[in-house]
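This is the structure I have questions about; it appears just below.
Should a chain be cited, it is by its letter among A, B, C and D, assigned in written order, with residues numbered from 1 in that chain.
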Amino acid sequence: MAANLLKANPGNVVVYDISKDSVSALVEKGASAASSPADLARRCDVLITMVPATQHVSGLLRGPDGMFANAKKGSLFIDCSTIDPIASKELCAEAKKMGLNMIDAPVSGGVTGAAAGTLTFMVGGTAEDLDSARPALGAMGKNIVHCGPAGTGGVTKLANNLALAISMIGTAEAMTLGTKLGMDPKVLASVMNTSTARCWSSDSYNPVPGVMPNVPSSRDYSGGFGSALMEKDLTLAMDASKSVKARLPLGASAHQLYGLLCQHGFGGKDFSSVYEFLNKK
Amino acid sequence: MAANLLKANPGNVVVYDISKDSVSALVEKGASAASSPADLARRCDVLITMVPATQHVSGLLRGPDGMFANAKKGSLFIDCSTIDPIASKELCAEAKKMGLNMIDAPVSGGVTGAAAGTLTFMVGGTAEDLDSARPALGAMGKNIVHCGPAGTGGVTKLANNLALAISMIGTAEAMTLGTKLGMDPKVLASVMNTSTARCWSSDSYNPVPGVMPNVPSSRDYSGGFGSALMEKDLTLAMDASKSVKARLPLGASAHQLYGLLCQHGFGGKDFSSVYEFLNKK
Amino acid sequence: MAANLLKANPGNVVVYDISKDSVSALVEKGASAASSPADLARRCDVLITMVPATQHVSGLLRGPDGMFANAKKGSLFIDCSTIDPIASKELCAEAKKMGLNMIDAPVSGGVTGAAAGTLTFMVGGTAEDLDSARPALGAMGKNIVHCGPAGTGGVTKLANNLALAISMIGTAEAMTLGTKLGMDPKVLASVMNTSTARCWSSDSYNPVPGVMPNVPSSRDYSGGFGSALMEKDLTLAMDASKSVKARLPLGASAHQLYGLLCQHGFGGKDFSSVYEFLNKK
Amino acid sequence: MAANLLKANPGNVVVYDISKDSVSALVEKGASAASSPADLARRCDVLITMVPATQHVSGLLRGPDGMFANAKKGSLFIDCSTIDPIASKELCAEAKKMGLNMIDAPVSGGVTGAAAGTLTFMVGGTAEDLDSARPALGAMGKNIVHCGPAGTGGVTKLANNLALAISMIGTAEAMTLGTKLGMDPKVLASVMNTSTARCWSSDSYNPVPGVMPNVPSSRDYSGGFGSALMEKDLTLAMDASKSVKARLPLGASAHQLYGLLCQHGFGGKDFSSVYEFLNKK
């Protein structure tokens, strides 16, 4: 993502990461390195953050050494992390109180999409802030979707991935049932793909090895979106469900099933490997 | 279905049903009535059966008064019932031994599709038998899909509906989570429909009232495919899974959830009413 | 079981099995061998059957070469198999019509209980037939429970094992949660055993290695009641639930979970190994 | 609980509550009223807290107006709330740093046990602190169980209630299956209670109306421990499972099922009403 930003803004990107190697790699491509998150906040007008979890975003932005306290008035924060959307909403409100602007813009499309610059950004925030963010987002991704006010970028990502996990497992189960009962998996997939079971998991990312070329299931479930990452997103979705008492019976089961995949060594495999988990010999 | 057959074959359709009213209605349109299933078998070359459950098909076809024993050699049986696909396979084998031909051709598309003649037939059997069946099937439906040998029509239908039930519940849960967290359901659906959560349940049959016109959710879940029928198909899918030891964790939970819908008065509502069940006030 | 029968009735036991070794072993201990099930039926007044599945019982008892057709009028059949209780009820009714008596008497207590003669028999049938069966049952087991009319022996066994599977998994999950959060498993078990989580799975058969001596969990889950057998009983329970529309959401999930254990190599381990499955490293 | 404390320590109890009526009722019985939590902290050596949720305990104890900052050095805090056990552990550590002592002592036994002084306290903390707490705890409860270091009182309560919820649902499902298949529920319960399905939910709190007198199921599920409270404890258990990656497949399903009970109007009924939910007509 940073590499694509650099291509679009040569000489105009400042970077910070706890991994010195990542920083060096970008400096070689023309980025300058900040000495701390606060330093970075002082030097830039548009600040993009992407870290693993809610507490990391909070730690990065809040406090006297945080980016909020050290940013120029009117700066725009774009948080691309996938975190608790209720926390995102609170952070956006805090930014506003401090004279800053902020949108949440979690991303989908995976490592491949990041390299190719074809990511999708799901954006929560005001239309004005989104407009200011478009040049930066457009350098890194292809689809920029405005989901509503602050926090709704994350809500959309979690809701999408919840439905995705469930439909992937559902596709894997249907393919398991069909092939165990003697069907050719390609024929079964082709019928499902023109019928009511049609879904992205079946028609664009089929979990059965050999049904489609160029998807993780056809290269031993390598690449793609790991089961451990799906487990993490489902944890966030289940967490978010508590505060609003959303009842998610299949979501809860899908979350546990991906937990079992992780426990049994499938955490690093693509999340379509649930088919292999169900059919393990 | 019979009415469409009659349109295509005026004066050439014989009917039998335990409901005298159904028979009279068709006789008025030009059908002749058979006095029994055996009588019907003696009078026709192509025999279409459609009854609620495995034991009914078995009772209709087997035994000295059954249709098999009374059919002309070389007759073609087309069973459109949704039943245990292992039983279908056995019945096709018995038919063959008695000098008869048989395909299983369960149907999807609902009452609306049946009236409009736009049903989909999922056919298991030999290519030759399917070719002989095409004129009859073509009079009643639009899509005729050859799924493989005997029994695979039913396997395909059950696998499809298993994935469908799961993706419908998954869509309903994602929409529940998103709307409870403050999203506009139309916006959430539109993002999901162009992302990885895209599926028929979301983009063609959205379960949230008001998101799409002309679907059951926008007319208080009336019409469509009832939860009780979905529960029945899931029972068949779970049954079929046992003999081949297919592991269907979400399928089993979806089956129980539709069972609870039936228990709580949602059996006659469209199966997308799982959204209402999860959000009941 | 047959060895204990022989001890109680020396010189008065006739045996039949498809395994010649099993027959020889008993003949050495003083049993006579029957040449077929029909031969056995002709020679005995009390006939005990114990086979793996519903279709085996049906095959053994029905038909011209079956035990029913060849038994002396007034004989007493005791079926100790764990099978579909609705089928048991039908078989008992058929026996009565043929002038025979029959009870269903499935057994619990495992291989250890069988060897020690301490099995529990759960009996469905008339009080008179149960009284006639007492000498035979008393030779093989310690507890003989009258559950109600024909079929209820099997119903009781399936209901008991359904609750057992669920409470074993529940105990394993509670112990997993507690120990992962830093508790000593012995302390946690001792509190649970005097509180509302008290159950046989926790206080008599604890699934965590080292909490109790002399249970399968403390000998690498060997001996005991295999996960594959529990999966079989849960299959029967889920089957029986269909006809009466009993809603069993946790039962369905427990069934699938034991299916996954079998799929992942735990089928031959004791069913308390669900703890190991959840905590696998 | 406060009333029993007063009986044991007449003239020596100071109380605070946001409900003035609750305070007045205790003042009439001889308690003095504190003007704030900080006031209470300044006046007492042993401080008992019991509030609904983690954030309330945190709010009460932390900050310049909190009880920690205003307590005498060496005071003993006893928190009887059921909250996140990881938060309990952190609070105990903070107390220690401030020269205070603290144990977590969540309680089971319900409203009835509180009135009768027969509660069970599950205590996490040092043996010395527990010894100092015994007079106060002994005035309110009958069983005082030392579960281990700080936080383990809460861990034990959550693990116990997780297993309890699951075994209650399992018992309800087994009774549903058995009675729908024609068993007398009293007979079925009596066999289960002497067999491997034996558990507190079955032998001391049976969920089927009429099986036992004096339990909630026999008074239309009134009194007892509400489904909404069970749902709350399961939420805490599922939360606690995340940080340590405990896999709780049935726990997750039990949590969702109690969520559905709350959604469908069973929140105020005893948690054994899951039997009624499964059998609703």
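The rule we apply is simple: a contact is a pair of C-beta atoms (placed from the backbone, for glycine too) under 8 Å apart; a residue touches a chain by one contact, two chains touch by 3 or more.
A quick note: this is a predicted structure, and the numbers were derived from the prediction, not measured.
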Contacts common to chain C and chain D (chain labels): A, B
Chain located farthest away, centre of chain C as origin (C-alpha): A
Separation of mean Cα positions, chain C and chain A [Å, integer]: 50
Approximate Å spacing (C-alpha centroids) for the pair chain B, chain C: 38
Inter-chain centre distance, chain A versus chain B - centres from mean C-alpha coordinates, in Å: 38
Residues of chain A engaged with two or more neighbouring chains: 245, 247-249, 253, 257, 260, 263, 278-279
Footprint of chain D on chain A - complex, ascending: 235, 238-239, 242, 245, 247-249, 252-253, 255-257, 259-260, 262-263
Of all residues in chain B, those that touch chain D in their complex: 253, 260, 263-264, 278-280
In the complex, chain A residues that touch chain B: 85-86, 108, 120, 122, 143, 145, 147-149, 151-152, 155-156, 158-167, 169-171, 173-178, 180-184, 187-188, 191-192, 194-202, 205, 237, 240-241, 244-251, 253-254, 257, 278-279
